[in-house]
Structures are given as structure tokens and as C-alpha cells.
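One structure is given below, encoded as C-alpha cells.
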């Protein structure tokens, strides 16, 4: 083990990532966030998704592809299905609030790539337009993105332009809906009553006063 | 020698043949497959049926017999049903020439070695048609691999036996046994002259070929549970699978018997111990003692076969073909040459 | 091309035979001499699971107040509780009778339970315990729903908590 | 850097052309073989569709999803402690290691850190689950290659490790022992001494496997030079763990990351191998078991005293934010991207499991190999179905 490999990533490296992306993408780098001694997030414009990947791979040196996925920022209208059916359903606030680096759309794709020599990673996000949910495919940049994009496609209904083979991976071909979208109900929790509802029969007398000590 | 009526002799031989096939199979399965393998893997094996699980074998047979005899929808059904029987027949034909004692043999004829090598490849046919008729891709691959492999290893087996034949100057198995037990090493006849000493290379090649002929690990590519899901046996169940199973282990036993005949002196014990000098002077009790000696040798040899089986991973198909053609065949040819030269010199 | 391996003194093929032969000898060696198989002949001999083993959940019915915490924290929704209010004798002499929740039903569906132990952990009244008992299989899956009497019977098999390793902080209270 | 997509395309075209030529010249026909979903080599239900020319693979495609349980959706309706119980089941052979990155991510969001003693015990249990997992791999490797005995040795000696895990946590396979802020319980008395005994035994097991399998010439000829994955390809596909290190990439998240765990307190080596073939992958795993036993030994000796739980509220609400933590799990890089909205449960959890990436390289690496090598390459890539499908 040489000392060089032991050096753990500093924030200077992370600032370098943001700078490199800014100089390559210009205004297409929409937002960035560096948490000291922790991690770096960047958000790029939808049109610059693939270019950003290339910059990360070639300029920043993130040669290792960790994952690619998506988030649906809309809160679930169904909650946890842990409500007492006898009481009125609680109000669900359906306003979309994005996470780090903000965003304008309900769906976002995000990916993480890592530099294996300098030991730091970057989480990169891009908005997915609501009217035409599609971004450019990352397969030419990272070959491993293939399966991740297939998964994101079937789970969120996001298209990946340039992906050769967006077949379903887990679900039957004729499956309808996109399970990881928040408006897709989790049936396992819907078909069964929640056992957590207090079911305590009161005293025949019916007084609700607490007795004892 | 006692003279028995022809029908008594025939009956004895038929019964003996059945025993000679089933007994080695049962012995090998219980001793090695159930017990030795378990011990080698720090477990005890079957313990519930009978003392130390000794009746497990009957339980297994009962289980297989109860199972439904299934043939796949698209299989070539008639051939599919015949295949296991053909493999078993090969075993019975093979045991026919093995001598168990001075008179305890099924048939004794001069082309014994030749016959043995010929009938041992009948099982290849059975395996090939089993693989083909199952209408299963795994079975097909397994059957083809088996055919290729069995033919490839037939050759070094024949060539390694040739060394023995040259040295003995006969193809009669009974005479080969006699020669080994009546022989002497440079005048010392304390242990006779078993051919394993002079034909050690031939013995090794023969045992390796036997391992391959039996498709035991490291040569079990045609069966390959973890990739071809038992190859040509994939579609068989019930008693037809049982027949395959019996044939596999019975053949192992019979080949071990043949190896002991060819290289270890067969049923005999060194004749000098009892002062025998010709076939006629051998005591009659050898007809009972001989088979026991044979079984002992068979157990030792098949134990080695099984030991190797439980210890090694398997070779790839192309590797084992290369091994047969590039190593075993040249080696056995060299062995024949050396034997022939020495035969002429001495 | 693959890199070169060091040449072994003994061929690997022979070493492999040696390993199996050694294990064979070890298994055949009598138990008294440190040999024997690694396996246990189950119905005849039994291994005893460790004290903390999560075998089955036992219920001390008197402690349960039907507060529903366990049922709510169960990820599988496999605990079913019903109760009624009842009067209990006062704790101090002369006090008013207390009102307590008496259990009518406390079922755990072991076909659903995934033995995570969250219910035992959240129980604030020490009513649920883990027992290392494991022999309660049933031929029918529906029979795995066990009621409070059965859960109560398992209370007998609950062991004392084990002593802790040196350096552990002493538990406060309890 | 070579353009991988182009290379892939070219090799695919070449294979197709070869197939076509064969069909015309020799009038042979390719055969499509389904390996799985029920097949002993897929240890679970993975299906691999291979197109064969004789015994040679022209084209291969894994088809996952026979065990898809929708964990990412399930996490959204569960509280943080409930998720811990759930994610135990992703890589079911090394369960404890699944909990750690998730708990660390939640702790990161809450800005708390487990006390040192808890960190040590976490690391010890993490490495124990690696040993339990990889020792079963070593045995299973034998079965895939036709050796029946190693798997029994693996089950025999893994049992000791599972007993340790059970004695400490209560669960053999699914410990559910990690809590936000520390651990559920301290170790029972006598556990450390026993652990050191077992580690000695496990080193003996490694020697046995080395003699029985890795030293065996047949084994070597089966695996060496087969299924070579170059380093740049491995990184692009996101291969991780031993698969990546066997391609010569010196990258181990236990060392190269600043996590509140105790790996830096022990002296151990990151094992790499330059070859990138199946043998290298298996060899790296074997050596890693040895290194793990060393880590466990050292940490058992230097285990500090003190509390095992940081101060956390009784009902845990994780503040709003996003965190990514990944650790070097037995199968490779296992990470959780946790998004919290300040609720009892997470808003979204992206589970990055190692096998998903490791197996996505299969179409690339299987092209042109023989059927027996399909099995050995799959075995050497080492996947667990729960880890692919989640």
C-alpha cells in the first residue's frame, strides 16, 4: 500500500469536479452542492446529460460506473396504508419538492460515477421533462448503464434515447404502469387491513375515566 | 474337479452372472457412494435404514420402482425406453468373460480380451440413443459428449491391454490369470508375477481410461450435473433411471474385476504357496475362494476409482479429448513398443 | 496469457487426494479421540441454539396492555391484537380499582413473521420475549397462526439474558 | 480509452457473420439453449439464453427478474428500523453487511456517529458475514466444476461462523442487529475467545480448499485464461469487489473511503491479481477470506470498552436530505442512496447491489466460450439472485 492510494478525497478534488463540469458545460451546469468532507452533487440540463457523462469520464477521470436510476419527487398519494379506516383520510400534500440541487420536474434521473484512482465519487442529476420523459442514453459513455437504464425505463417510464433494447427486465412484457412512480399503489398494503388499529372493547359501564394510579 | 450336469452348470452361471453384476453395484454404492463419500465430507451418510444405513440401498430401489415411468412428449419413445436396457446389457456381456476361479467362469474362450473390448463399447450406443431420443437439448449435448469421449478413451484402453496380451502371449483371460500366478520374478515365485509390476504404465493408462469410460469425475463431462443436469439421463425417471444407475456402478465393478484379472492376478493366489504347477492340480476350494479374492481386489480398485471421483473437479470436453489423443495414446504406444522389444530380448 | 503460478512441490492432484483421505480418517476416528462427523443425527441428538437465538416469540400475557406498538411496528403485519377493558384490584390498599386492558386475542402468524425482532424490541412493558425453541413446524401453513395460549406456553423456554463480554457498558435500570 | 460500444458492436457483427457463414458452408444450424431459470448453475432463478454453435456460445443474454421483490418500492412504506429488517434479505448469505451501508447513510443524514465499540463490533460482524458468504462461494465453485467435496467443507466450516453470528445477534442468516446510532446489544461473554478459535479454523479451511481445488491442475486448466475481463471494461460495467480487483484495479471501499468503521484500525492488505480471468477472481476471493480472518482477529484483540449506542431519540425521524453510502460487501460495492423527507421512513432508497452490475457483463464475457466455461465463468463472477433482482 503506497501513501498515495491511502490519501482520502479532499474537498479540493470535489471543487475540481464542479469546475471541470462548469468549464465544459457552461450554463448547462444548473446547480451544484458540495457537502464538506462528504460528497458532491451536480445537476445538469437534460440536453447535456450525455455530454456531462463524457466530461466526467474523460476530464474528471470517473472511470467507474456505480449506478443510474431515477427519483419520482411527488409524494405518494397513498401514504403507508396505515390509517384507521373509521377516521377521515388524512390530507396528503402532493406538492413536488425536489432534493439537493433542486429541480423543475417531477422525475429526475441521477447517476453516480467514481474515480478509482483518486477515490471520490460524483452524484449527477438531470431533470426529465414531464411532457416527454426521455433523456439521452449513457451506454456510449458507460457500457454498464445498459441494464440500469432498462430498469429505470420499466420502473419509471423514462425513455433513454439511443438505448438499443429497452425491454422489461423484471416485469412481464404486458405489465401496465411503472411501479416505482409514487402514484402506483403498492397492492400488498392495500388488500389487507392494517392490524395496528387499536381494537379495545370499552367497559360495559362505558365511562372513559382512567382509573387506578 | 466335480462334474456337474450341464443344466446345473448353466443355472449356476446365470445366477452367478446376475450376482456378479448386482453385487459389485450394491457394494460400490453402499461402501463408496454412501459411506466413503460421506466420511470424506465429514458426515455419516445414511444412518436410519438398517444398522449404519445398510438397508438404504433397498429403500432407494423401492423408491425408484414406485416412481412413474415418464417419457417426454416429443421423445422417440421406443428407442427412449430401450436405451437404459442396452447399457445394462453391455455390463452383462462384459461380465461373461471374467473368470472367477479355475472352473467358476461363465465362458472361457481364447479371444476373451478382444471380446471384452468389443462389448464394452455397446454401452456407448445406449448412451448415444438415450441422449438423442430424449428430445432435450441438455441430453443431446450430453449424449454427443459421451459418444466422443467413450470412443476417444476406448483406444488407449485397447492399447494398454495390448501390452498385457503381448507379455502373456494369449488373449484368453483365464490363461492370463494362470500366467500371473504361476509366474516368477527372476526365479522368485513368492508373489507370482502380477503384470502390474511389468505393465505399470499400462495399468495406469487402463485405470484412467476406465475412469473415462465410466464417466466418473474428472471425466464426467457427459453427465455434468452442474451444467448439463445429468446429460443423457436428464429425462429418465423411475426404474429406467435405476437401470442407468445400476449399470453405471455395475460397470465400475466389472471394469475393476477386469483390471484385477489383467494386472493383479485375478482370482488366483501365487501357486507356489500351495505347490500347484498346472491347472489340473488346483484345489477345488478355489472355485469358492477365487470369487472372494476377486471381490476383494474389485473393492480396492473401485475404491480408488471412487476416491478420485470424490476429490477432483471435472475436465472440459476439449481438454479430455486432448488428454486422450495427445498423452494417453502416444504413451500406450510407447508402452507397447517397450513391451514388444523386451519380449523379444528376454 | 495468464501469469505464471509457482510450481508446487507435491502435484496438486495428489494433494487433493490427501485432503479427502485425511477427512475420511478424521471422520472414522472415534468421538473420544476428537474425531467424528461434523453433522448431528438430528432427531436422535440435538444441537442447543445460543441463548439469543431468535427461535420463537413468547408472550407474557399479564404484562401486555394491548398498546398496539408491536402490531404497528411489525413490517409484515403479522400480529393481531384484540382486547377489552377490565377492572383490576388496586395496587395500593384502599385505592380505586384500576382499569386495564385485558387481552382477548394475541395472534402471531409465523407463516408471515420474518423473525426480525422489532416487536420484542419496541415492547415497553416486557411482554414479548425471544425463545430459542425451534421445533414447532406444522404440516399446514394455516396452523402456523399461534394464539396467546400457545405463545404463553413458550414463556417457559425463555432463557436468562447472557452475561456480556468484558468492556460492555452496564445496562441502566431494568 | 478504447470505445467499448464500438468494440462490442464489432465483435457482435463478427459473431453473427461467423454464424451465418457456418450456416451456409456447413449447413449447420445454431441451437438456442436456455440455461435456467431452474438450473443448478444459476443458484437461484436466473435464466441465461445462449445461442450455441456446437458447444461454442455465439451470443448470450441473461434474463433476470424471476426473483424480483420490489425492495425499492417496499422501502417507501416502511420505517427505518423496518427497512433494516427488509434489506437483510438482499444478499442473503452476507446479511449483516447489507445493513451497514444503509444504517451509515441514515446516520450521515442524522449527523450522528456510532461509538467506537459499536464501530468495532460492526466491522467484526461485517467481516464475519464476508467470511460466511465467500466460504460458501469457494465450496460452490467446486460443485460448479464437478468437485463434490469442497461444498461440504464449506458448509461445515461456515456453520461455525453462522453460530458466532447467531450467538451475538440472535439470527443466523438475518441478524437485523444494526441500529441507527449503534447496535442492538453488546456481545455475549466468551464470544471473542470463541471467534478467535473459529478464525483459526477458517484459515485451515482456506488451506484445505487451496489444496483440494486451487492447487489442482485440472481446476487451474479449467479456469485460467478463461473469461478474461480487462480493467477498463470492468470499470465501465461497474464490476466491483473481487471481480474488479482480479482485473488488477486496486480499489477497495474498505480502505479508500472515510467511513466510521474500524477497518483502518487493523493491518491488512488489499488483494489484487493482474490476470482478470476466472481463476484470478476465485483466487482473490480465497485470499480475501484469509485477510478477513486477520481483520477479525486484530479487532477482537483491540476491542475498546464503552457504550454501543449513541444518543438517539426513541422514535427515529431522519432529517431531510440525501446521502449515498456504499461499502465493500462480500459481493462487491453495495450502496444505498437514501432520500429522506424528514419522515419515519425514507422517501426513496436506491439500492445499488453488486451482483446487478457484475452480471450485466455476462453478454460481453460469454461470447465465444464453450458451454462448460459458461458455468465456470458464471460461478467465478459470483452472483446471488436476491442481489441481482432485489
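Order of writing sets the labels: A, B, C and D. Residues in every chain begin at 1.
Just so we're on the same page, a residue touches a chain if its C-beta (ideal position, glycine included) is under 8 Å from a C-beta of that chain, and two chains touch if they have at least 3 such contacts.
What you see is a predicted model; the values in this text were computed from it and never measured.
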Is the C-beta contact count larger for B-D or for A-D?
A-D
Just give me the whole-number Å value for how far the CA centre of chain B lies from that of chain D.
44
Report, in whole Å, the distance between the mean C-alpha point of chain A and the mean C-alpha point of chain D.
23
So what's the Cα centroid distance for chain B and chain C, whole Å?
52
Would you mind pulling out the distance in Å between where the CA atoms of chain A average out and where those of chain B do?
64
Pull out every residue in chain D that's touching 2 or more other chains.
78, 149, 153, 156, 212-213, 216, 218-219
Chain A residues counted as touching two or more neighbouring chains:
none
What are the residue numbers in chain B that touch two or more other chains?
40-43, 310-312
Taking touching chains as linked, do they make an open path (line), a single closed cycle (ring), a hub with spokes (star), an all-linked set (complete), or other?
other
Which pairs of chains touch each other in this structure?
A-C, A-D, B-C, B-D, C-D
Which of the residues in chain A end up touching chain D in this complex?
1, 5-6, 8-9, 37-39, 41, 57-58, 63-67, 69, 71-72, 75-76, 80-81, 97, 99-100, 110, 112, 116, 119, 121, 123, 139-140, 142-144, 146-148, 155, 168-171, 179-180, 182, 184, 186, 189
Residues of chain D defined as touching chain C within the complex:
78-79, 81-82, 84-86, 88-89, 117, 149, 153, 156, 159, 163, 166-172, 174, 176, 184-192, 208, 211-220, 224-225, 274-275, 277, 279-280, 303-308
Tell me, which parts of chain D touch chain B in their complex?
31, 33, 35, 39-41, 55, 142-149, 152-153, 156, 212-213, 216, 218-219, 221-222, 370-375
Per the touch rule, the chain C residues reaching chain A in their complex are 66, 68, 71-72, 74, 77-88, 90-92, 95-101, 104
Along chain D, where are the residues that touch chain A in the complex?
1, 3-5, 8, 64-65, 68, 70, 72-74, 76-78, 108, 232-233, 235-239, 249-251, 255-258, 269-270, 320-324, 326, 333, 335, 337, 339, 341, 345, 347-348, 350, 352, 356-357, 360-361, 364, 389
